[in-house]
Structures are given as C-alpha cells and as structure tokens.
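Naming follows writing order (A, B, C and D), and every chain is counted from residue 1.
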Amino acid sequence: MKKINVTVWNEFLHERQNEKIAKVYPEGIHGAIRQMLSDDENLAIHTATLDMPEHGLSDEVLNSTDVLLWWGHMAHQSVSEEIAEKVKQRVLDGMGLIVLHSGHLSKPFVKLMGTCCRSKWRENDEKERIWVIEPAHPIAHGLPEFIDLEQEETYGERFEIPTPDELVFISWFTGGEVFRSGCCYKRGLGKIFYFRPGHEEYPTFYRKDIAQVLKNAIYWARPSGGPVPTLGHYPALENVPDKYAGRSDHERKHMNIGK
Amino acid sequence: MKKINVTVWNEFLHERQNEKIAKVYPEGIHGAIRQMLSDDENLAIHTATLDMPEHGLSDEVLNSTDVLLWWGHMAHQSVSEEIAEKVKQRVLDGMGLIVLHSGHLSKPFVKLMGTCCRSKWRENDEKERIWVIEPAHPIAHGLPEFIDLEQEETYGERFEIPTPDELVFISWFTGGEVFRSGCCYKRGLGKIFYFRPGHEEYPTFYRKDIAQVLKNAIYWARPSGGPVPTLGHYPALENVPDKYAGRSDHERKHMNIGK
Amino acid sequence: MKKINVTVWNEFLHERQNEKIAKVYPEGIHGAIRQMLSDDENLAIHTATLDMPEHGLSDEVLNSTDVLLWWGHMAHQSVSEEIAEKVKQRVLDGMGLIVLHSGHLSKPFVKLMGTCCRSKWRENDEKERIWVIEPAHPIAHGLPEFIDLEQEETYGERFEIPTPDELVFISWFTGGEVFRSGCCYKRGLGKIFYFRPGHEEYPTFYRKDIAQVLKNAIYWARPSGGPVPTLGHYPALENVPDKYAGRSDHERKHMNIGK
Amino acid sequence: MKKINVTVWNEFLHERQNEKIAKVYPEGIHGAIRQMLSDDENLAIHTATLDMPEHGLSDEVLNSTDVLLWWGHMAHQSVSEEIAEKVKQRVLDGMGLIVLHSGHLSKPFVKLMGTCCRSKWRENDEKERIWVIEPAHPIAHGLPEFIDLEQEETYGERFEIPTPDELVFISWFTGGEVFRSGCCYKRGLGKIFYFRPGHEEYPTFYRKDIAQVLKNAIYWARPSGGPVPTLGHYPALENVPDKYAGRSDHERKHMNIGK
C-alpha cells in the first residue's frame, strides 16, 4: 500500500504561552498527534504550524498532502486569507481534511461549510460521553459503543453547520448539552471530518480510542481516486443538431461557446 | 395568513443588451417572474436589479424580505462583495433563497455552498425533461410527474455542489446529460432552493408549471418561525460544580468565559 | 383551507389496566392528544383504539385519514398483520404517519423502516431535555431552543433506525444517554415523523410545547399533493426504434412488455 | 489483509431456459461475476443459486459471508420467506449486500427498504449512460466520469426507494428517462449498495468498468468492525437515583426492567 501523506497543522500558541498547557502538551498538540499516529506504518506524518513561512502550508506541502488535520483556537484570524483559500481549494481538489475541536471556527472549515459554524461552549471540566450513532461507518471501526472523556470543554447545540452527510458521533455533557461530534462531509472531490474533542487543557490526544478515531478518519478521508469531472462548456455526446453549426470560430468565441 | 414578502432579483442586462432576448422578456426576467406569481394573493412581490443603488438590496429591503429569488448570469462579478455577504448573512438569519438557473455561480450561492458550483453546459436548443424524484416533497405539489421544456440550455453533471439535503428534481437532456435540477438546503436558519431552468433566450418564465414550482418553493423556503439558538458562552443548565466559582469578574473576563 | 383529517390511534391498555396510569390519562392517551389538538380549527380529529373492529382502522377510515398518529407499547403483537400492512401501504400511498414514543417498535413503523428499531431504555424518572437541532425545519415552528421534561422514560442510542432524512431533535437524559428524538422520513408518497417522548406514566401529552410539536408535525406530514408516478412498463417518450415493433399483441403479452 | 468472503447469489433461471441468454452467460450470471472478480486476490468468491438447498444460503454460508451480491428477476416469489428474512437479519447484523439490477424487487431488498421499490421499465435495447455524481465516494474509485452501455434495459424514475444515504450514480437513457443507479444505504450494522445495470440479455457483466464498480462496492460494503450496540434495558451510567431501588428481583422481573 502506498503511504498516506498526513500533515498535522497546529496553531501552537497555547502550548508556548501557558505553562499549564505546556505541561500537558510539551511537544505541542501536533507533536502529540504525530506520536499517537506513529505506530501505523501506512501513514507518513508531517507537521506544520502557524509561525512557519506560509504557515507551513506551501503549495508543495499542500499538493503532496493526502489528509490534513487542523487544530486552531485563539488565532484563527492570524491565518492568511491566501493560505485559507488554498486549503479550501485543495480540499475541493481531493485532499482530505480533519478538523479538530475549536477548528470549527477556522477559516478553511467556515469557508467550506458556508455557515457560521458557531455553537454554545463552556470551559467547566465536565464529562463528555461520545456515543457512536453509526456503527456501520468506517470511522467507527474498532471503537466501543461510547467513549468517556472525564474532563473536556463543553460544546452545545445548536451547532450551526450544514446537515452532515453522515453523522457518526453525538456527545452528551454533564451540564445538559448534546453535540453532533463526528460529522462527515463530501465537498468537491474532497472529504471532511469534524471531530469535537481536543481542548488544549486536557490530555485527550494521548488516548488510544481517540487515536483510533483519527486513524479511521484518515483512511476514510484520503482521496478516493475517482474521476476528475469535466467542467465548463461541453459538446453533446449524442447525435443532436448543432445550433451553432456553420458559425466561424470567431463568432463561436464571441458567443463564448468553446469549440 | 400574513403575506409572504418576496423579492425577485435580476441582473437585467441580457434583456437590455440583446434584441432577441428583449423580445422574449420585454419587462425583464424579473418582470416575467413577478407576473407569473401575481395571481397568488398571499405573496407581496417586489423586484430589484443590479443597476439600482445597493443593487436594490438595502438593509431595509433585505430585512423585510421573506424569500429572495435570484437570477444572474453574465455579471456575477459586478455584484459587490458587501451585498453578497449581506445576502448570505440574511439567509443564515432565516430568509429563504431561491436560486435560478445560472445563479448557481452567483456570489451568494457560492458563498453559502462552500464549493465551486460549476457544471457542464451547452447552449444548443436541446430538450430538457425535468423528472420529479421526490413526489412527497411540498415543492412537488400540483406538478405532473415530469415537465418537458422543448428548448433550454443544457447543464450536465458533475454539478459541484454539496449533496442536497433533499433532491426533488433530476433533468434529462437530449444530448446525453443528467442534472440535479431541484436541490434543497438548510443553512443556518434559512432555506435554499436551487432550480435549474430559466435560460434568458427561452420563454421558460411564462409557463404555468414553472410558476407552480416557484410558488411551491416560496412557501417551502419562507422562514419557519423556529427558535433562534443561543450561540457563544453558555452556563450549565444542570447543577454541576462551577470550575470558575470564586473568580472575580475581572479574572473571568480575562479568561473569556462570560459571566 | 380544507381541514386535515387526523386519526389518533392508541393501544389504550395501560390506561385501563393500571390505576396509576388511569389517573394520568383518564380519557386515554388518545383522548389527551385529541384534546391538545382541539384548539386548531384546521384539524378534524378522530380516534381509534386496538379493541375496535379492525382496530378502528377500516379501509374507510384509513382512506380518509390525512395524518395518522400512533401510540402503542405493550401489545404491538396484537395488531393484526393485515391492518399493519394496510397502514404501511396507505403511508406509501401518501398518508402522513406520526409515531410516538414506544411506537418505534410498532408493526407499521418497523415495516416501513426495514430495521429492528430497537434502542436502550430505562424507566427511572430521569429528566429529558429535547434540543432543537434544525431550527429552520417547519416542525421547529414556535418552539424554544430546548424543551425540558422533568420526568420521562429514558431511551438511548444506538437507535437502530435508517439515517433520518431530516433530524430535528436530539434528547439529553440525566443518566448519560442521547437520542435522536425527532426523525423525519419520506417513504413512497408519504411522510413519517418519529417523536420520542410520551411514556404512559407522565403527563407529557398535556404540555403546550408538545402540542406545538404535534401540530407542526401534522402540517408537515399531510399529503403533499404531488404527482402519482407511473410504475411498471412504460413506453419511450422520445422517438427511439421499438425493439418489439411488428410483434403481435399475443407475443407482446407473452413477453410481458405491455402494449 | 484478511480475505473478504464474497457470495454471489443468482436466480439462474433465464440462462437455462432461454437459448439466447444462455449464449450470453453460458456459466450463468453468477459465473460471469465470479470470473470478473477473480483477479482480485483479496476476494474469496463463492456462488449460490435458487435451486440449491436453502437457495445455497445456509446459516453457515450466510454467517461466513462478508458481502453478498444478489441477482434475481423472474422468480423473486420463489425465494422462501425464511431465507429472505435471514438475509435481511444478516445485513442488519453487519453483512454487506450488493443488489444488482432487477434485484430491486427481491424480497431481501424490499424488506430492508420498507418501500415497494418499483420503477418504470422498458426492454428496448436503448443506451444507458451512467454518470458519476459523487466522485469523492470510494465506489467511484478508478472510474471515468461516465460509463456508456450501448444496450441495456431501461429503468426510469420515479424509483420508489427511500432517499439514498449517498447517491453515487445517475443514469441517462436514450428514450428519455433518468434513474438513480448507484444508491448507498446503511441499515443496522450493514451496508447496502444498489447498482442498476445488468439485464440478462446483455454482456454487461463482462465489462472492466462494471467489474471496477462491483469491486469498489465490495470493499465499501464489507463489515466495518464497529461496535455492536447494547439494545434493550440499560442501567444508568451516571450516578442517578434508582427509581426501583429496594424492589425485589421478583418485582423487577414483573415490571420487566431487567436487573
């Protein structure tokens, strides 16, 4: 099997600005995710962060990435419009995108969804219980029927997203909220998976069950190798009269009808 | 019944620049649509065009519009970013949006979909047959099982849109194409219906069956009167310990956790 | 507006066998539902119960019913196969069906879903909080963003249903479960809405918010008046050569190709 | 990789009763399908036919089958209720099911869909063009953007199925019809793919592109290895008061609340 090129993108600010968080993620959240995926030999894992040139997402990196993971929180607005647009376009061209936790407000995700993607939230050390709603989905592979996270940030509906193409997880929180926590989308030639947990204060990205979800999602989100459709002017495949038969190339061009 | 405020927006360029098209739509496409809807007493119909100040879509107009119809083709890029963003936001806030034909490449629709929304196309006077795929949908009310349009512009899949929440129509074309021609979306608090036919050269907007589709779509797309969800920081509804109990307002504000 | 014919079907056993339940619903659950809908002048409301001839669902009743509500629990197997099949067929022919609470295991619902429709459950007087997930849906009309039921039976995922066409509500329960509580389906020419609450021990069917949900669902589920599709052998609409041209009627009949 | 156990079920009547069809499929349709899949070393392929004891679908065969392919046409009613129910149950328990062509009216498919699954049809040697609507789907892997079948039976909408969870293909036919030709469903723990082409008179099951679709569908439909949910009575996971605390086991059993 050809290796899947995975790029883990992290804002990487909390871990350097806050001592408590630095203790949880001394190598950064991206470092922890790389580590948790490293036992899968089919994955070739790279990392990129906000402070790198082009945020570490040069054309070369993006074009060779099969699946991009995105963690961001406090600095969504520091991501350049240009890079955000490039990420969006690469997804439409086939790259998988896995958006983690507060990445629901990141520029690439918001652009791809077309909605505001806001929700309720509360930092209160409550329990999150993630129920598997769709056990037949490949992202549920190898999971128990629910995952308990003893302490996480709380998110609550209404989560203002488009109806997911497939809804794999719904979370329960102690304080009384529910949340669509595992949301699959197809957009253009690419696939997108939003996964709710992963607040910077908690060791969520060291758990084996969370690693299983991310691996499953990477396999699911990698490019399908399906056809690249022709878009734009298109001649008839069937034998139908040509309305413009006899028109000169000049005229056809003027009429913007291709040749 | 309270009247539904409908605004019909038209680019209104073809009809003034091309004599042949002017003959088909002497009052403009918006004029024809207004006329075709005028026998429904529940509708209060207004029109707006590109050349008006703010394209005829001032805050006052947008805020009082229940359902906006959009026809555009050659001048999508002439619609201001500001107005396009306002239309998008009004949809997310509950306004219905009905996008006609080449409006699939309009700024508001593309922003709301998050994809490029391109397709195959061909101007060749071919027949379009629109099949009702979902006869239980309210937009199918009063329709026959298919609608034949003897001459229309041809569009073909792959239509690069998000999977519709509901797919009401699929078109067949003489030259060999199929197209998802009636696509329903919910986005934020608003509803969106894309309807394929309506090329400027053909008298599509004088037909009773097309009028029926538009009326059905207007009733379907009008604001639901559902709840406006609270978004952002949210206190626990259940009796759970408060992680920040005892913190001062100053501290809470610094931690960005609301009160 | 032509009145909507609503038939409320109730098993009507608990209320007659259990004194405690009889005190909650002295007129039966069907009586309480009829009462709660009675202030809507557009509804013509009938009731039917298991012990009536044909369970109160004769051809005449079914054929004149626009929307059928179904409450059953302990006696699903006492509903005759014949009547269950008739209800299923009437839904496929356009009648709306609203399935309440434990009706998820009723014969008509299970037949229409094609899955076992089982779930977790627990009778423990826990709180149910029903969150509106899709505020743009007509069934969310006039509701707050959540509904609290102080005591209800607990249901939990995995709810083994087909993915709903539209998911309007998700419930949270004190004991740690979530549940897809408002599920919309289109099946054939009919629409189906499953609504979770309504255990026989609690006064759920006296609440104004629950009444609002049921009224919304009735309006949503009533027949759309869409086309009745032709099914079976069908001649070509386009001018294509007839493979069987020249064959006699006898031969055509033998080949089962219609005329 | 562990091999995928594939069982190809065929009615196998046309090929033995009709000389013309026997020439097209001398080894039966199941034989042709087995041959077309045989170059994939990950697949262990078995066949079964209507005339075998238990139609070749004993508990042992069903329980060891990962993905079942089903071709049937003239003898749907000859499939025993018992076997049809077992197939349905195995799908709900996780087995993949790929339903080919006229298998849309087979007992297992109709039971799993809950609708009548009828459509328009015509045997007229017309061309079918299968458009890929969802190129990001794994079933589109390695395909061109459309597949032309010079002669096939014509099927037309309205195809009375539940809205597919994912719609991969739409067909165009010369005579004027469209058809949802590649439909994905999740039901219980199993996945179902309906694929339209494959009339017994045409050599459709010798084509490489059709083989590609079937292989893709087998990989997609194989069991996910997700969790098997607990169904039925379920104790609270959270620390909530037990309504039945102090009741004896006898009482609890009587109240049907498990232990």
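FYI, contacts are C-beta pairs under 8 Å (C-beta built on N, C-alpha and C of every residue); 3 or more make two chains touch, one makes a residue touch a chain.
Predicted model, so just to flag it, every value in this text is computed and none were measured.
A.B. asks: Which neighbours do chain A and chain D have in common?
C.D. replies: Expected: B, C.
A.B. asks: From the centre of chain B, which other chain's Cα mean sits the farthest off?
C.D. replies: Farthest from chain B by mean C-alpha position: D.
A.B. asks: Between chain B and chain C, what is the gap in Å from one C-alpha centre to the other?
C.D. replies: Centre separation, chain B to chain C: 31 Å.
A.B. asks: Which whole number of Å gives the spacing of the CA centres of chain B and chain D?
C.D. replies: Centres of chain B and chain D (C-alpha means) sit 37 Å apart.
A.B. asks: Per the centroid of Cα atoms for each chain, what is the distance between chain C and chain D, given in Å?
C.D. replies: Here chain C and chain D have centroids separated by 27 Å.
A.B. asks: When you check chain D against every other chain, which residues touch at least two of them?
C.D. replies: Expected reply: 129, 132, 134-135, 145, 156-158, 163, 165-166, 174, 176-177, 186, 188, 229-230, 237-238.
A.B. asks: Which bits of chain C are touching chain D when the two form their complex?
C.D. replies: So the residues of chain C in touch with chain D come to 88, 92, 111-116, 118-126, 154, 156-158, 160, 162-163, 165, 174-177, 185-188, 229-238, 240-244, 255, 257.
A.B. asks: What part of chain C is in contact with chain A in the complex they form?
C.D. replies: 129, 131-135, 145, 156-158, 163, 166-167, 170-173, 176-178, 180
A.B. asks: Where on chain C is chain B touching in the complex?
C.D. replies: 94, 129, 132, 134-138, 140-145, 165-166, 174, 186-191, 224-230, 237-238
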